[in-house]
Amino acid sequence: MSSVAMIEYADASPEVRAVYDDIMATRKVDWINNFWKVLAHHPATLRRTWESIKQVMAPGALDALTKEMIYLAISASNQCGYCTASHTAGARKAGMTDAMLGELMAVVGMANETNGLASGYQVEIDDAFKPKR
Amino acid sequence: MSSVAMIEYADASPEVRAVYDDIMATRKVDWINNFWKVLAHHPATLRRTWESIKQVMAPGALDALTKEMIYLAISASNQCGYCTASHTAGARKAGMTDAMLGELMAVVGMANETNGLASGYQVEIDDAFKPKR
Amino acid sequence: MSSVAMIEYADASPEVRAVYDDIMATRKVDWINNFWKVLAHHPATLRRTWESIKQVMAPGALDALTKEMIYLAISASNQCGYCTASHTAGARKAGMTDAMLGELMAVVGMANETNGLASGYQVEIDDAFKPKR
Amino acid sequence: MSSVAMIEYADASPEVRAVYDDIMATRKVDWINNFWKVLAHHPATLRRTWESIKQVMAPGALDALTKEMIYLAISASNQCGYCTASHTAGARKAGMTDAMLGELMAVVGMANETNGLASGYQVEIDDAFKPKR
Amino acid sequence: MSSVAMIEYADASPEVRAVYDDIMATRKVDWINNFWKVLAHHPATLRRTWESIKQVMAPGALDALTKEMIYLAISASNQCGYCTASHTAGARKAGMTDAMLGELMAVVGMANETNGLASGYQVEIDDAFKPKR
Amino acid sequence: MSSVAMIEYADASPEVRAVYDDIMATRKVDWINNFWKVLAHHPATLRRTWESIKQVMAPGALDALTKEMIYLAISASNQCGYCTASHTAGARKAGMTDAMLGELMAVVGMANETNGLASGYQVEIDDAFKPKR
């Protein structure tokens, strides 16, 4: 159970409702997930986090699916259960197939494996991998 | 400096040279980066890790650029300096532009931020995010 | 369920009871939480860990509330569910309000975000941030 | 060396200069540290990250020193070298003494130790640590 | 509940069954644990991961118990609940006693503590700890 | 460079010298590594950390080499450069061969890989892996 009570739409202040409305409109959904209902106890964090997510996850040089998959990859690697569950759902909604999920997780696994090997052996960075200016 | 001496091509056993040759042929490069030269001290790990990377990073349901960017995202999030440097180079070679790098890092940052918030508030997983079977 | 059986006060050896008694006296509580009941299977770890916690968490240059909030921040960032729950309770007991929790978690989130950005871009340490001796 | 070129004030666009000016005015310094010069390659991330940091780190229910120490604690625990160096400097500027640093690091160490113990033994959360509603 | 449906032996393709059969034969058990049933949705990952685990965990310069304990130590430190549970079981099957578990977890705790201290204080590596070549 | 000045033996207080003397006597060395010289700025942390390390790393149900290898495994996985360097040296001194290091790192890599896979797929713990009481 979350550390602070979740704030439902019916009980929310106008300030919180405005964020909830924008979340639902932007995502084309008719409900608010627990993460936001918990953040709502601190309205400044709710608004700032939502505005940031909305900006960062909008399609740009990378499309929405790629961004959702990267989000999921970090969440899995960081062992965040809530984030993994919510961004698996988000990535599927954005078009991730089972085959894509399988390849995504294979990359997550390999990256974590070789991160451990590179640091465990204290491998030095090759000159060729250093930016040239 | 790495924990074990790096093995140069000229000093490598036939078993190690075979892996080095396959790395260079697959990646269309004419040199071996330090990571592999260090793993070569334990040939079974060298071969297994390379065979795994080759399989996992081959284009499939996800293209090579997407895979390299996910690899880079995990490496950055895990604070692995060598891996971040080498996979930044890898992703650029696969076509990552500065604009893509900027959006990729923005997602990495946000994912780490909300991972901390979700666990810090002990947010419970919404039923809607649980798989239906 | 924990890896080893929890040892209740009634079943504890005199050595374990002495630690339990000190925990309850120091914290002014009349019960022992699961963490200590699990550590009790290895009395040397129980005693050492408790003596360390008691020393480290005693008010000094930093007050007890600040120390509890730092402990909670690390636990949230590390994705440790038990630790987050127990140190949220501990920080509240030491005086943390909902407003403080809101600001604490905002800092935890931002720190994790910028940690990812700094490592992802391989930012070099400014000379001004290096200690002068 | 950072993945992207750092943008100096003299070479910055008006948009980037506006953020640089606000950083220097807010922090009462006359220089920009590398973190921001790197983020400047992606102006949207520069502005968003700075606006967030400015909001989150402003004194409120927690004072500026406490916030800087929490930031430092997370950075140390996450093994982020740049962040540890810059926030050690930031916390010292905000008033952190050597004695405070000593106690802060002692808490960081203990929190990481008991996080490992709690997860290693799979300790279950006590009912008393669950929020009551 | 896992992100993808688990594949039971009765429903598995010949390719997946071949891996399941080898897991059961190698480990001398008559059931398949959830990890493999989930990986089975992506047969290439199932086979590659199993072949790697089989090779890596086979007794060699290190015996099977030592390897299982190292696996458990990493899993505990990484806060991976599934991995901690499964490798606690695996280590016990390989001969880990309660006394060994107690000492193992004490090392895990201390390593995490001093990792935090070393990075928090930005300790420089002693020349004596650098490999001589 | 470390956040606080290192305290050399010649400049140390009697309290710090007593710990330094015990470190050198216990480890049969005639010098003090940087980690302890940094901790010495906060004598309570110096003494407590050393006493804990001495107790935890003493041979018991696990021998000294196994303990050093577990310490190294955690340090590599946590991306702690100083700790990886110092415990690689420590493990070699305790008898770790290149072959053992190779197998140790292979386990570290695999554990990190499967930790990522288990959390990424949100695998549920098998009943068989839950302790029976």
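Per-chain residue numbering starts at 1, and chain names A, B, C, D, E and F are given in the order in which the chains are listed.
Just so it is clear, contacts are C-beta pairs under 8 Å (C-beta built on N, C-alpha and C of every residue); 3 or more make two chains touch, one makes a residue touch a chain.
If you're wondering where the values come from, they're calculated on a predicted model, not measured in any experiment.
> Among the other chains, which touch chain C and chain D together?
Touching chain C and chain D alike, sorted by label: A, B, E, F.
> Among all other chains, pick the one whose mean CA position is farthest from the mean CA position of chain B.
If we average the C-alpha coordinates per chain, C ends up farthest from chain B.
> Of the other chains, whose C-alpha centre is the longest way from the centre of chain A?
Greatest centre separation from chain A goes to chain F.
> Same or different for chain A and chain F, where same means more than half of the interface numbers show up on both copies?
Same, since most residue numbers here occur in both copies.
> Starting from the mean Cα coordinates of chain A and chain C, work out the distance between those two points in Å.
Each chain's C-alpha centroid was found; their separation is 27 Å.
> Find the geometric centre of each of chain C and chain F from their Cα atoms only, then give the gap between the two centres in Å, rounded to an integer.
Measuring from centre to centre gives 20 Å for this pair.
> Two or more other chains in contact with one residue: find those residues in chain B.
In chain B, 1-4, 44-45, 48-49, 52, 56, 73-74, 77-81, 84-85, 88, 99, 102-106, 108-117, 119-122, 130 touch at least two other chains.
> State the interface residues of chain E toward chain A in the complex, per the touch definition above.
3-4, 41-42, 44-45, 48-49, 74, 78-80
> Which of the residues in chain C end up touching chain D in this complex?
1-4, 31, 33-35, 38-39, 45, 49, 52-53, 56-57, 60-62, 66-67, 69-71, 73-75, 77-78, 80-83, 85-89, 97, 99-100, 102-104, 106-115, 117-126, 128-130
> So in the complex, the part of chain C that touches chain F is made up of which residues?
Against chain F, the touching part of chain C is residues 1-5, 44, 48, 52, 55-56, 130-131, 133.
> Over in the complex, which chain B residues touch chain C? Could you list them?
It comes out as residues 72-73, 76-77, 79, 81, 84-85, 88, 104-105, 108-117, 119-122.
> Of all residues in chain A, which touch chain E in the complex?
79, 84, 88, 98-99, 101-103, 105-106, 109, 116
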